[in-house]
Amino acid sequence: MKNEFKPRTDLAVEAKEMFVEKNPEKEHELDGIIIREFQEDDVKLTRVEIDEEGSKRVGKSPGEYITLESQKLRELQSNFLNQISTMMAKELSRLIQKHQIPADARCLIVGLGNEYITPDALGPRTMNKTYVNAHLFKLHPESVDEGFRPIAAFTPGVMGMTGIETSDMIFGVTKQSEPDFIIVVDALAARSINRVNATIQMSDTGIHPGSGVGNNRKEVSEATLNVPVFSIGIPTVVDAVTITSDTIDYMLKHFGREISEQDRASKALTPAGMSFGKRKQLKQEDLPDEDTRKKFMGVIGALGEEEKRQLIQEVLHPIGHNLMVTPKEVDEVIEELSKVIANGLNQGLHASINPKNAKDFL
Amino acid sequence: MKNEFKPRTDLAVEAKEMFVEKNPEKEHELDGIIIREFQEDDVKLTRVEIDEEGSKRVGKSPGEYITLESQKLRELQSNFLNQISTMMAKELSRLIQKHQIPADARCLIVGLGNEYITPDALGPRTMNKTYVNAHLFKLHPESVDEGFRPIAAFTPGVMGMTGIETSDMIFGVTKQSEPDFIIVVDALAARSINRVNATIQMSDTGIHPGSGVGNNRKEVSEATLNVPVFSIGIPTVVDAVTITSDTIDYMLKHFGREISEQDRASKALTPAGMSFGKRKQLKQEDLPDEDTRKKFMGVIGALGEEEKRQLIQEVLHPIGHNLMVTPKEVDEVIEELSKVIANGLNQGLHASINPKNAKDFL
Amino acid sequence: MKNEFKPRTDLAVEAKEMFVEKNPEKEHELDGIIIREFQEDDVKLTRVEIDEEGSKRVGKSPGEYITLESQKLRELQSNFLNQISTMMAKELSRLIQKHQIPADARCLIVGLGNEYITPDALGPRTMNKTYVNAHLFKLHPESVDEGFRPIAAFTPGVMGMTGIETSDMIFGVTKQSEPDFIIVVDALAARSINRVNATIQMSDTGIHPGSGVGNNRKEVSEATLNVPVFSIGIPTVVDAVTITSDTIDYMLKHFGREISEQDRASKALTPAGMSFGKRKQLKQEDLPDEDTRKKFMGVIGALGEEEKRQLIQEVLHPIGHNLMVTPKEVDEVIEELSKVIANGLNQGLHASINPKNAKDFL
Amino acid sequence: MKNEFKPRTDLAVEAKEMFVEKNPEKEHELDGIIIREFQEDDVKLTRVEIDEEGSKRVGKSPGEYITLESQKLRELQSNFLNQISTMMAKELSRLIQKHQIPADARCLIVGLGNEYITPDALGPRTMNKTYVNAHLFKLHPESVDEGFRPIAAFTPGVMGMTGIETSDMIFGVTKQSEPDFIIVVDALAARSINRVNATIQMSDTGIHPGSGVGNNRKEVSEATLNVPVFSIGIPTVVDAVTITSDTIDYMLKHFGREISEQDRASKALTPAGMSFGKRKQLKQEDLPDEDTRKKFMGVIGALGEEEKRQLIQEVLHPIGHNLMVTPKEVDEVIEELSKVIANGLNQGLHASINPKNAKDFL
């Protein structure tokens, strides 16, 4: 059976949003998809579980998808970074236990991406910062304390530099080193501005490069490797289509909000638009009705999300301006976010690493 | 007298466009501004001369502004990069002669920007690649061949790292080293997508950080340093406001083009939209009339350039999404573009460096 | 009056050793030189005060020279590195107070050396890690807490890359930024193997590049800049002459030790050479008498330190093998030692930075 | 049968020298070892062929060992570097043909070493600069011109960072990617000062980490991988033992030369020691007889090479001073020498890459 919808996104949350948008009438029919949301301080945690049926609907592999979202991640303040690392570690630990992987099972961490293109170097940089000890278990087992499991790690590089498909590199090293489970770390492309450098996604479904293209042998998953494959990623790049499309949405919501606030303002004494120092947030319910959208943005305003993106793509692509971009602070961002993931991996994988001693293992 | 218009752009070409747009009735009145355009292969060369009167109109210092524009610059192919370096060198050489600077005058090159933020590192990287020989003139004059002038170079760093204002660093080193003229190299912010990593700008007006703020003592120019100050820059970053605003324009032109092509198609046998392999270009004349713009983009479509930018700014800023971004290939871009400028400087400053021996001096 | 002896060393301790060696009969005559030694855990602290008379004897400028020596520094363990930073901070703080510099006096830190030659990059890397806040005092004084003084910092680069003499860069920036005192940080050449990456030297005498050559205008000191100039350095490179000369000495001491241990062994029950797990140290008193030295090392064994070095130099130089080398772990060494100095500077310069909050300022 | 002598050197030339030294009476018995020397401009080319019998004598695997030696390599001048790349390419090409490897056979290049320790990064840096095209053969065969073979490349990292033995990484990737032959590139330790950064060694015997330790499964060779394995290396580090031992030899030869020149000078009018601008070279025949050696260097002077090294090792090791060092210009050295090898690989592996177009493939 064919997928009903092919997503262009790495994020399950977005895939679901896209599905609902295309099929608004089915919003309550998403039987195969369970979504739970939690808010802890400044971080929104979302767990999406997709079963076989849900998988067919939204075109994502069955399994669990977890996102930790926070605009604060962009500020790169060390206290907050430590805090979100620990939250990531808890979710990772839970995911590992869910798969009944024992505490001494051997893990192979794979740092995907091109080390020489900074926004794509999240995987390799994470690998360099993660605590690696598999060789100690083998060569100096007496030096290993309680509460640690054997961790190996490698960076397969990218095909343009190695001449070898990334999946083949992973297959080869996995067969030789025989880990009990695998974690792949990668920089992702975001499908919305507000997720760039602001979201950590984890899943237990492996990675499916060029998914939808029908090329299963490049899949890096339990199906091809016979051991559980987890993935961890952060969106670090975004294209001009997404920036424009999102901004048009924000403009429509901005108008919608203004209209509804004017309505209320005429009925009350509270001045419109008072925000009391908190950063403003535009929400889905701010989106005005179609007539208003048409008034402000013409036919564009009336288009659905995917139609709008497709139209922008058709305009920008032929003139060569659908740039894939990254925030200019990319050097510091990748340095700090790779530390966040490495820290989260260390705490999530070893019982004896915790927030107190975490920095000794970075 | 107050400037009629305060530009937000480093590029004189853009300042003029903005002026014309705001004052379309004055397009032919720009007496104080002379613009000459040339096309050489894939490169568009524009020379803008602004006198005192023009300066008041467009809010840019009087002087000459030169741009070399080419989308091919983004492809980073070595033959083309060498070619545009030589074109840059010719313009630089002409500009130096225009100021009657003799062939043996001493030059100080200043590489502005933050070396540790890659998209901002164009200046420091250029400095590292430029041929520097002032010490040879002093210590080993016998080793200096004919056709070279003394070049010194330094990177003042950024205030956040030095605690000292960049202009003070330049003043101090200039007073001590007493150059006859100065060239500052810097990464710029672009005000249109199509100029990012695709335009080299030169001028003989120095640099005016925070210009318009009325802070003259930070100006790095002949007025403050008593020697001619040239500037060379490439826009390497762009903000989300610009990306969105430009894309909306492209969309409007796209619709305009489609409409006019349909009209023509109905009158002729030539199929509409045939491009025969060349990259499509959307032009100013493709912009449809206001009614059409309103039909496709509502009230947004009817806004002028500056109103539209201001609106987008007002929407994106409060929600924290007016990201300043750079194309993801930033590492290679800065490496290659700093070589382009260093090569252009070497050829433009020394009579004995030419396209044939240029690579020996990089 | 001419110096009695021209040292080839940056270290005052070594200059004194060289003097005593050449003039053993004057060992007790060093009236102008006061040496105090302290041992704290694994660190040996030496303070050498040289007055005008002493200066003439050993060829070092009058002032105080402080060394912190420890072989443990080479192990790069974070606890020890933090500890030695704090010891350095105390000595720096004492030195500053000795010069009656007030707590709010403005400091300029100068990071000497070539950023692109790793073993020479100690100065620039230190500058990047030091807490800099002079601009905050100027632009946001309200944001500055109690217990901080204004710190500015810059890297003048090296003449081969700037075309400008380093001292001129420092003069220019000093005149413009008007600090109350200056600290220069630099990588040094060691004159003995056991000081490489294992000694921090401080002084209040500024720096005298090419000292002895009679070129005073390149001196960076209170004499040329009118404000106190402190220097901080770590020897990171050593030449083949030094390695060979030191090793020959170690061999002689090794033989001397063996002979005396055999003597004692024949008189006692204690087995010779028992070291009980501590790293062995060879000392000056292990050096055997001249006859023994000649027996083991021929005429070489009988040479004085300087004669021996000169001979080795005469052999290695003409065949091109007097390499200047650095331990192969140079990348990590410079990264960690620059952090040690930055940390020591932060704690030594600001009353409000202490071992507990130090890492927040790195 | 046990090896007669276990070498501590990666260089076959040195292994042979060590054997002859220990067994001077057998110098002419080296039936199983054929040595051919050639001089071309400033480069000395040595080909050593070792058969089974010779292998037993000198403890190196049977096969061919090629060295290209030149002190000029250290000067890093681009013309000479290009020239020695081409010489390396010819030898590599000859070696490949000797093994009857066809022109379209697939090659896997393995860059050994730690990318983050500069003197050890020769392998990874070479890999990054080598022309890689195996993926083009697979995905875009129409884009591949005549005269190219498929090249893949990867860097296995080091066990301390991956937790996986390097040999296992190579086995895994080799099994998966199935190359027809393999080339490993690595930075070596030199056993004499004059080979540091001045010698390129190639062989067709693979690599044998910890050879002599009897651990065959870590061997990367045709025996373990079933395809020919070539190795290319440059010595970039040297220890203090070697520096001292070599310098003592140079001193002895220096004295020997002086004595013989005085003898001749007394018989002739030619002044002793005239060198006419050429760099002096000390040769084996300059070494004086044992009595003279004892006179100048005591018992040390009478020791054989290995005894002397062992003694120095025994002195330096316990006091922690047998530093492994690299010339201080290590950053530029590794950058340029990795380019030399990449250039040599490109020309040696592809019929269509030659000195004229070589730079287009770097």
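Annotations for the structure displayed:
As written, the chains take the letters A, B, C and D, and residue 1 is the first residue of each chain.
Here is the rule we use: a contact is a pair of C-beta atoms (placed from the backbone, for glycine too) under 8 Å apart; a residue touches a chain by one contact, two chains touch by 3 or more.
Since the model is a prediction, treat every value here as computed from it, not as a measurement.
Among the remaining chains, none touches chain A as well as chain D. Fewest steps needed to get from chain B to chain D, stepping only to touching chains, is 2. Centre-to-centre separation between chain C and chain D, using Cα means, comes to 36 Å. Between chain A and chain C, the centres computed from C-alpha atoms are 49 Å apart.
Residue positions 116 of chain C are each in touch with at least two other chains. Judged by the touch criterion defined above, the protein chains form a single closed ring in which each chain touches exactly two others.
Across the complex, chain A is touched by residues 116, 127-128, 132-136, 150-157, 159-165, 168-169, 171-177 of chain D. Contact residues on chain C toward chain D in their complex (touch as defined above): 71, 74, 116-120, 193-194, 196, 237-238, 240, 243-244, 246-248, 250-251, 254, 275, 279-282, 294-301, 311-312, 314-316, 318-321, 323-332.
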